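Pasting the structures here.
Look at the two complexes coming up: chain A is in both, with chain B in one and chain C in the other.
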Partner chain A sequence: MFPSVRQAMAWLHTWFGLVLGFVLMAAFFFGALSVFDREIDRWAIPATRIQAQPMPSYERVLRPAFERMQPTRQAIDAMRPRVDGPMPERYDTVGSWSAYTTHRDPVLQLFAGYVVPNARHAGELVWAEATIDPRDGRLLPDDRLKVGSGFFFPMHYGLTLDWKHLGIWIVGLSALVMLAALASGVVMHRRIFREFFTFRPGRARLRSVLDLHNLTGVVALPFHFFFALTGLLIFAAVYYFPLGHTQLHGLHDLNAQVEASETGLPHERAGRPGGLANVDAMVADAQRRWADDGKAGDVGFLVLQHVGDANGYVSVYRAGTDRIALVGDGIHYKAATGELIREDPAATPVARMAEFLTGLHLQHFRHWLLRWLYVLGGLAGAVCIATGFVFFVEKRKRQHAKDGRQGARVVDALAVAAVTGMVLAALGILVANRLLPEDLPGRADWERWAFWGTWIAALLHAAWRSAPVARALPNPAWREQAIAIGVLALAAVLLNWITTGDHLLRTLATGYWPVAGVDLSLLAVAAIAGASALRLARRHAAHAAGPAYAADAEARHA
Partner chain B sequence: MSRTASDFPSTRRHGQRLQLASRVLAAILGGYAFAWGLVAASASLMFAAGMGFHDAEFLASLAGVLAFLLAFLWAFVARRGWLVWAVLAGGGALLAGIGSFVQSLLV
Partner chain C sequence: MPEHAGAWLLLAALACAQAGMGWLALSLPAHAQQAWGRVPPMATLRLHRVLGWVALACALLLCLGADHATMAVLVWAMAMSGAALAVAFVLSSRPRWLRVLAPWVAGRPAG
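Moving on, here comes the complex of A and B:
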């Protein structure tokens, strides 16, 4: 097929990198943003701009909040096809109540699952969700879009294409291609290394683009490899290789039976009513036991299983703030009496490895420097792919211009949309979040439309301005969108000030870092975009002045 | 380029495109089938050897992802296209069969 291994690798690197690079760009960029998803949530939902809170008291805060919950109309309708007979209006048999928080969450997520009579899969529950203020149990509006954890994060792993998990599959294939691109890039690199010493004065920009591509790819290679691999592993058993639910269903069930008999945690309801002892006392007991093990910490996840039933039990899990591995150290109590049923045993070596690998990707630990390094790693990946696009275009555009072909022009326009357009879309949703009226019905949908609308506008703009590329000249859309990024980033900071009164002097003075951090990052984006626009303008002027001068200017810039 | 090929440039290019498409499909679909088979066989064998299902599943998935990567790269490097398909699709089916067979012995 290919005359040599190196050529096979080059083909694969170029073409898979080009086609799936657009997806990878989104995975890296929104992954970098997701590192601070909770902080972006605070910026986007001003009612939740409070300090992070520990898990509140069950008796005082959680129980009243749980008791108020009911599944939404949509949840009931979604469940309807999987039920024989009519769906009831009210749900009073609670399958499970749970509350989840992290060390960066000022708000608390509540989940309630209700038993549905005549459900086809025995045990399938209909679910309700709520967000509360953990200080007083007040219900917070749940229809507000959590722009960080509810939009940027799903963009990172699934492009928000929920139909048949299509987005998750596309991102998964792209992660595999990222691994292949790293491997093939290293194979190609040997030859490229020799070419570094080749003098190419007329092609200075080509060389500097390639330098940056190699630098961001190679310096962060362990980061890229690790994140693509662990990203695949996190979803492997659920989406990519779901053997436990399909081919090896028999083994999975066999294992579940053994586990259930070992743990002593009842899988089903007894059908007899049962009481509930003091849950706060169980939580206090769990914390004492962790402390005795040298693992003192807050509760991250609290679950009440089979609520109101004689088989009911309460599970208390630690928040994984103090270590990389994503461990729960669950302790389980009999609901009716509060007596200890079981402490989760020490993890097996394989489970410890799995917890470490997934924990390092999902980062529930408290380490702000490492968190920023993750952002840098993600952005390095985005730069690596962006320079890959630019290199693809720069290498071909003169030849394509001579042949009258449009390939370089099309790729360049798509690259503009994928690079500056993606930043614009992210800024578009933040600006819309501050501009839309607070009580607008379907506000979250408008915000999403602002995101996609901005992105489509950026693509159309890039296509409309792309004609010069067919004459081997740069697309002015790069410069114009850089200016737009600067304007929108500044606008977002100003709008945050105007609509909430939280300007930087105040958030910095009070040390409210979630909002101050987002504002400072937006200012940094504006500064970088402004500097890039200036540089591109200078280069553009040089091109206008004539090719000889342009080559000279490029050589000086490179 | 050999003389016979230059006599029929369009046929040659057409054939090359088909070959390339076949390699791309083999890399993605064949690679996936092979990885699936490897996960099935290794997870069931590790479970049979006494490991917990979720531990076996995790290790097998790790092996599956890495095998997918190698299969993906090999699909473009290999000399013969038919061999790529035979190893990836045939091997995947064989491995998946081992997985089901081991399961049938245990359940």
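Moving on, here comes the complex of A and C:
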């Protein structure tokens, strides 16, 4: 079919890249945003703008908060089909209480599972969740959309298409294709080392776009490779081995893991009442044991299993802030007496490798430099794909214009929507988050609609303005949407100031980096978008003045 | 280790990675031409290559000094990616800035 391997690779790279590049673009861009998901949450939910806190005292803060919890009406109704007979109004038999935090979380997530009488699957619990201020146990609003961890992060790994995990399969397939695209790209690229540092913006458009595509692809090649690979590994773990599930979806699956592992920890309730010794003492003992092992650390996850039962036990897991590998180092105590039941054994080498690869991608560690470098890697990936689209269009549009074909025009409009449109959509949800009334019913849904609405508007705009591409000219939508990005990014910063009073001078002076960082990043986006719009406007003017002048301007440019 | 000591080590690691990538670029005739307007002798290019690799190795050692080994490897790899990008952009807009890395090469005043 193909005369040479290189041409076969080029075909694969071009067409697979084009079709799934749109998905990869979203995976890279929202992945880069997800690196700072907790910080974006703080920006989006002003009530939670407090400093990150360690796990608070059980006796003083957690117990009263747990005791106040009850499953919501919706949770009870959702459970109803899986129960024989009527369901009670109140739930007092606690299957498990747990609290989860990270070094970047000022708020504490609480989960409570209650035993349901007559549940069809014995042991199935009805769940309640709460978010509290760890300093005093005060209940925080739980119905606000966590724009970072609750929207951008699911966009990153599943496009928020929940139906039958469709989004996760699409993203997984794209990651697989990306590995193929990386390999074929390396084969196609004749001068990887000789042109390692090469970017020639002054050259012809086609050449400079290809330079940027190669540059962002090659210098961050290890990042692209390992993130596609580990992303796939995490999906595999989520779907085939629930063990990995725990870090993504919290409690439900951790519960399954604890039950599934043969640890000697009681799986069932004894049915006899049992007391509860001092939990804070158990936590202190666990921290002492970690310190003795040379890995002193904070508590990330605290679980009380079979609360109030003679079989009850308490598990203390370490927050993995100082190393890449995602490990819990769980230590388990008998609830009634506080005596040690067991310490999780050290992992096997294979498991350690898996922990390292998973942790590399999920980043529970405390390392701000590495986080920013990950953002850089993600954005380099996004630029690589964007320049791939532009190269595809630039290479074909003259020929298509001559033949009267519309292919380049369609791809260009989709590329505008995938590049500038995606940034606009992300800004759209942030602006909507600050503009919508605080007590609007279904506020989270309005925010999501603002996101998708902005994106669709960007696509329609790109399609509407795309006619010049069919005459081998640039699409003005690139420039117009760059201007829109600048305006929306500035608007988001201003709206944050107006609605919360947290302007940059204040957040910087008090050192509240989650909000200051988001604002500064928005300003940087506005500056880059403005500069790009200016550049594109100059080029547009050159094109309008005539092809001869345009060629001259391109030669002089940069 | 106090937190700020780690920060200094990482800053030094970034500087080493940046210098290392810069020297590696200056060991390639095309980029040396961009920086000086002429290609220095072969021996100088070879010196730049050696300096480049040594600086990247130093960056790794500094990263290892700052963090747990598993983390240090990632910081090092990503720092090299970032440094390579930065060198590419310097070469495309202000190639003469790279002269700072090799004051022993006499450049032509007007490139």
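As a working rule, the second predicted complex is superposed on the first by the 514 of 558 C-alpha atoms of A that agree within 3 Å, B and C clash if a C-alpha of one lies under 4 Å from a C-alpha of the other, contacts with A are read in each partner's own complex, and residues count from 1 in each chain.
Keep this in mind: a residue touches a chain if its C-beta (ideal position, glycine included) is under 8 Å from a C-beta of that chain, and two chains touch if they have at least 3 such contacts.
In this text the structure is predicted, and so the values were computed from the model without any measurement.
A.B. asks: Under the stated touch criterion, which partner chain does A:336 make contact with: chain B (first), chain C (second), both, or neither?
C.D. replies: neither
A.B. asks: For A:351, is the partner it touches chain B (first), chain C (second), both, or none of the two (neither)?
C.D. replies: Touch status of A:351: first partner only.
A.B. asks: Determine, under the contact definition given at the top, whether A:277 touches first (chain B), second (chain C), both, or neither.
C.D. replies: In the superposition, A:277 contacts neither chain B nor chain C.
A.B. asks: Now for A:119: first (chain B), second (chain C), both, or neither, which partner does it touch?
C.D. replies: neither
A.B. asks: Tell me the contact category for A:50 with respect to chain B and chain C: first, second, both or neither.
C.D. replies: A:50 sits against neither chain B nor chain C.
A.B. asks: Going by the contact rule set out at the top, does A:508 touch chain B (first), chain C (second), both, or neither?
C.D. replies: After superposing on A, A:508 lies clear of both chain B and chain C.
A.B. asks: Looking at the overlay, does A:2 come into contact with chain B only (first), chain C only (second), both, or neither?
C.D. replies: Once the two structures are laid over each other on A, A:2 reaches chain B alone.
A.B. asks: Mind working out whether A:179 is in touch with chain B, chain C, both or neither, as first, second, both or neither?
C.D. replies: In the superposition, A:179 contacts chain B only.
A.B. asks: Flag every residue of chain C that touches chain A in the complex, lowest number first.
C.D. replies: 10, 14, 21, 24-25, 28, 30-31, 67-68, 70-71, 74-75, 77-79, 81-82, 84-85, 87-89, 91-93
A.B. asks: Of all residues in chain B, which touch chain A in the complex?
C.D. replies: 19-20, 23, 28, 35-36, 39-40, 43-44, 47, 51-55, 57-62, 64-65, 68-69, 72-73, 76-79, 81, 96, 99-100, 103, 106-107
A.B. asks: Any idea which chain A residues touch chain C in the complex?
C.D. replies: It comes out as residues 194, 196-201, 215-216, 219-220, 222-223, 322-325, 356, 360, 365, 367, 369-370, 373-374, 376-377, 380, 558.
A.B. asks: Mind listing the chain A positions that touch chain B in their complex?
C.D. replies: That would be residues 1-2, 5, 8-9, 11-12, 173, 176, 179-180, 183-184, 229, 232-233, 236-237, 240-241, 243-244, 247-248, 250-252, 254-256, 259, 348, 350-351, 353-354 of chain A.
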